[in-house]
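Note that chain A is present in both complexes that follow, paired respectively with chain B and with chain C.
Take a look at the complex of A and B:
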């Protein structure tokens, strides 16, 4: 038995079987339980360490698996990362039934997660680009329902994500050349340019994020939310893999400035676009653009603060996207349109669901006492120490996103006619969103609850944590 | 010498095939051209890979064309075209002119690539760049799922020729084959999506 078989093989094998149950809530429950089990196992079960079962019997979970002459390795250092990925996936799967998309999201999502975990574990690691591309292809049926004609968003998503792969594979090859010949500045520039282009496509860096708001209009908000949580997270881990592996890249003088500029551009453009939206889905799309921008900013501080600021974002951002997309999915299921003019006065009809949407929005922009506040404050402070101009631009982006939040709030409480307060939506939908709001508040008030995970996560990238 | 002549022949054929792909509107011709394109891709790949491994590309390409062809043949012509695909110029003159510009770009850029990738010949580089740039052009001119997937397959075929010169691992060949077939399947799925009442999908 080997670790890749448990955390990659088992979910991949089980994912087709998750189509079998007839009831969506059973699928969601099974998917959630499997993901939770894998998360707990990753936290407690030692890899590559003999476990004594009896006086004569011992068991050791091997850390590698060989496929076609290459290895997939899950080392003990990767276990906190697996806990985070499968733990958050469990939350998404449990909520899938309430969002009305369990039948598609759970089986497809399970296989996507397994493939993306494989992408982080494959050796040589640059093959990850190929596995990520496979996962992206599997995501298409999730994002484009069979009963609906594909729109521009899904086509752009497919094109942009596919374009990332050639750039990343080539840059990986060039980087090996740079490693053996570090003095070759031309080669270094070419490798860095290709790498930047690859990650610009993969992470939907400005101006390549046009598919995000389009997709938020076309597809189920919960399905898009799942992809917008998972794909950038894995892409960032992949990028950290590059940084961890290549010393010249870590020491590249311009890298923090490039990451900072890209992050600021994402926050400013995403925030300003969000301020002018009249569609709740598109608003969330631009907020996720801002999320990616903040992660880039946090990454730009790696030379001074290692990865602490970056990992601080992981749980709050995921939680906000989860609650936000669940709220939007419930509104879509029950009301159809997410346009402002159709959603006036929803606060009276769906108070808990709208509260979820508003709390997630405020958490994303870092309102004090909410989960997003500690990481945004830490990152903003770090950026301000480097350059005040960038910090001011971040303020512009955050203020714009705040404008979007206030406009949403105003529309939700603005009813054209007299409304009676009523709690609509199913009990499960209201409970799940209520629990989400509770955790957004809890992580804002007590961010130290994440510290057991946060202290272990950076060790996955040993060269970056010193 | 003969080997080089055939390689240049394959490169010229690639340009002709991709230009025809850009101009043709009949899906039967489009898929036939795509399948033919993979013969030239096979030739340019086998320069650096073994014939058996290069044959994987040929078979995968043909399988992709077949999957797309079978799906397209089942569709009602009215349902198979995107209604809002007229945002870009559609004229043949425009497309030929753009293709010529691309050819000039490829001809000027190709000689610098062999310096970057030692061991690779000019025909492979020219063929590869032709496929990649024409694939990009196809992607820029349409939002129809069939044409988009063909554009992506063309672009990837170009990349694979270049990448074959630097990487010959079996796992890479296998994963690239999976991605090509996956793209064809995704194209089929997108072609079929929304064409009939498929019932509840939750």
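Take a look at the complex of A and C:
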């Protein structure tokens, strides 16, 4: 038995079987339980350490698996990362039934996660680009059901994500040369430029994020939310893998400045675009652009904070996207349109759902008391210490996103006619969103609850954490 | 431990009331439970004095490398005065609730207890982090309470605008902390960089509505007098404490003189409006604005004790007046006597209000003393106008408890003048106190005799956001800019999202690639 078989093989094998149950809530429950089991196993079960079962019998979970001459290695240091990925995936799967998309999201999502975990573990690691591309192709039926004609968003998503692959493969090929000949400045320039372009496509850096708002209009908000949580997270881990592996890249003088500039650009443009949206889905799309920006900013501080600031964002951002996209899915299922003019006064018809939406939005922009506040405060402070001008631009982005939140709030409470309070939506939908709000508040007040995970996560990238 | 005891009384009391409401709605002693909780909390706050300074620390935020400060709370001489004032107003609110038309109302009492708890946490905030957390808790409580209680579309819009102004205020405090950190002095309430003070002032000013002068929420008669009063005063107290905490060294910005002018004019304008107002509850924001401006002036003159004096006077005197919905001869006299506490005369609560090492230009004195006198004269007039209800129609218990609620605030108002904190037993600038008292008497005497001091009701009710007013034009300009930016953003979005957008994107990419390559070289 090997670790890759458990955390990659089992989910891949089980994912087709998750199509079998006829009831969506059973699929969601099974998917959630499997993901949760894998998360708990990753936290408690030691890899590559013999476990004594009896006096004569012991068991050891091997850390590698060889397939077609390539190795997939999951080391003990990777276990917190697996816990995080499968733990958060469990939350997404449990909520899938309430969002009305369990039948598609759980089986496809499970296989996407397994592939993306494989992309982080494959050796030589350049094969990761190919595995990521496979995961993206599998995501297409999730975002656009076969019976529906694909829209512009999905096509552009596919184009931009596919364009990332050649850039990354070329840069990897050049990097091998840089390692053997570090003095070759021309080669270094080409490798770094291609790498930057590859990740710009993969992480949807400005102006390559146009597919996000388009997709939010076309597809199920919950499915897009899932992709917007998973893909950037894995892309960031992939990028960290590059940084961890190549010393010259890590020590590259301009790297923090480049990451900071990209982060600020994402926050400012995403925030400003969000301020003027009149579609709730597009608003969320731009907010996830801001999320990516903050992660880039946190990454730019790796020389001071190692990866603490970056990992601090993982849970709050995921939680906010989850609650937000679930709220939007419920509204889509029950009301159809997500346009502002159609959603006036919804606070009185769907108080818990709308509160979920509002709290998620405020958490994304870092309103104190909510989950997004501690990581944003820490990162913003770190950036201010480096350059106050960048911090001021971040303030512009945050203020713009706040404008979007205030506009949403105003639309939700300004009903054209007087309305009585009523709690609509199913019990499950209201409970799940209520629980989400509770955790958003809890993590805002006690970010140290994430500490056990945060202390172990950085060791996945040992060179970056010193 | 003592702080935790007080908070436990308040939060557990609130929780118990809500649980009883859910599981045993016929429980007959809810009010007694609420009053007992707040009474014990009030007594425990009194006992803080024995052991000040007291510290209450929440579990530290982790990882420590990212969070040098965690939310800590400190009860010292200054914050105690605010905490005691809030506990007193909370006690007064629940005691006077017995004579309200909505009695019994356990959700409102639970809200009062919880608000007292959050308000006390806010005034005890030892660092900006703790303060912004408490501010947001109060803001969210206010937002949802108001949204639940107002029906009209326009009013809901104002609730949202008021909320956004407060959030922006909190944002300025966070920004002050970032600016101070960037200057190499992590912001706390002991030390701050000289660049950050102005942002802290703006934060407090925005939250109090002083600059740009705005009324947080003018039409609030839909709210109940008790809970509504508690909400307003808690919100004000939580912002006022910042004025007492701003280190004076940080107020060295070249903009400070301009801020002083704006605050002085705001004080004069709001006190004038308060003096002329015909409805006490409608005019409540002017009272808050006027007194808060005086507190702000004290801060600008390096007098944190004076700032606390004005702040506590705002809370206690305001609480006394706004909670008074019934009238009898003795209560009326209590309200009028409470004016002494706000007069800046020796051994009163506000005796330290005008103390400062700074000298002031005479014209400023003219404005500021007039503002104070107008506030006092207005208070006297509003105290006279309290609704005349036949006290005898209430039960004997209500007839005893209700005046006790008002009386306990009156007692605290004078207690703070002589005991318990840094500003007690002060002589202050006694001649200014006398001048203000004389000026107040003159205003009170003049009011019925000069017609312009008695505006017609219709004039008072004219909405302040009319298109023709200057404010309306400013708003119009703002909206024009907003629509222009919206059109611009839509244009760029359309270009990038259209079929030709991919080409534009590729163009950008080539541009970025050349920039990156150039940067590497």
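By our rule, the second predicted complex is superposed on the first by the 465 of 466 C-alpha atoms of A that agree within 3 Å, B and C clash if a C-alpha of one lies under 4 Å from a C-alpha of the other, contacts with A are read in each partner's own complex, and residues count from 1 in each chain.
The definition used in the following text is that a residue touches a chain if its C-beta (ideal position, glycine included) is under 8 Å from a C-beta of that chain, and two chains touch if they have at least 3 such contacts.
All values reported here derive from a predicted model rather than from experimental measurement.
Visitor: Of the partners chain B and chain C, which touch A:214 in the superposed model: first, second, both, neither?
Guide: The second partner, chain C, only.
Visitor: Is A:24 contacted by the first partner chain B, the second partner chain C, both or neither?
Guide: A:24 contacts chain B only, not chain C.
Visitor: Is A:454 touching the first partner chain B, the second partner chain C, both, or neither of them?
Guide: So A:454 only meets chain C here.
Visitor: Based on the superposed arrangement, let me know which partner A:159 touches: chain B (first), chain C (second), both, or neither?
Guide: In the superposition, A:159 touches chain B and chain C alike.
Visitor: For the three-chain arrangement built by superposition, which of chain B and chain C touches the greater number of chain A residues?
Guide: Partner with more touched residues of chain A: C.
Visitor: First (chain B), second (chain C), both or neither: which does A:402 touch?
Guide: second
Visitor: Tell me which partner A:199 touches in the superposition: chain B (first), chain C (second), both or neither.
Guide: Once the two structures are laid over each other on A, A:199 reaches no partner at all.
Visitor: Looking at the overlay, does A:305 come into contact with chain B only (first), chain C only (second), both, or neither?
Guide: Only chain C; A:305 stays clear of chain B.
Visitor: With both complexes overlaid on chain A, does A:67 touch chain B (first), chain C (second), both or neither?
Guide: Only chain B; A:67 stays clear of chain C.
Visitor: Which chain A residues are contacted by chain C in one complex and by chain B in the other?
Guide: Correct list for chain A: 152, 159.
Visitor: Hey, which residues of chain A end up touching chain C in the complex?
Guide: Residue positions touching the partner: 152, 156, 159, 185, 188-189, 192-193, 196-197, 200, 206-208, 210, 213-214, 254, 258, 272-273, 275-276, 305-306, 308-309, 312, 347, 367-369, 374, 377-378, 380-382, 384-385, 388, 391, 395, 398-399, 402, 406, 409-410, 413-416, 418, 421, 445-448, 451, 454-455.
Visitor: Chain B touches which residues of chain A in the complex?
Guide: 24, 67-70, 100-104, 127, 130-131, 133-134, 137-138, 140-141, 144-150, 152, 154-155, 158-159, 162-163, 165-166, 169-170, 173, 187, 190
Visitor: Show which residues of chain C lie in contact with chain A when the two form their complex.
Guide: Going by the criterion above, the answer is residues 59-63, 65-67, 129, 132-133, 135-137, 140, 147-148, 151, 153, 156-157, 159-160, 163-164, 167-168, 170-171, 174-175, 177-179, 181-182, 485-486, 489-490, 493, 496-497, 499, 501-502, 504-505, 508-509, 512-513, 516-517, 519-521.
Visitor: Could you pull out which chain B residues touch chain A in their complex?
Guide: 82, 116, 132, 139, 143, 145, 148, 151-152, 155-156, 159, 162-163, 166-167, 169-172, 174-176, 178-179, 182-183, 185-186, 189-190, 192-195, 197-199, 201-202
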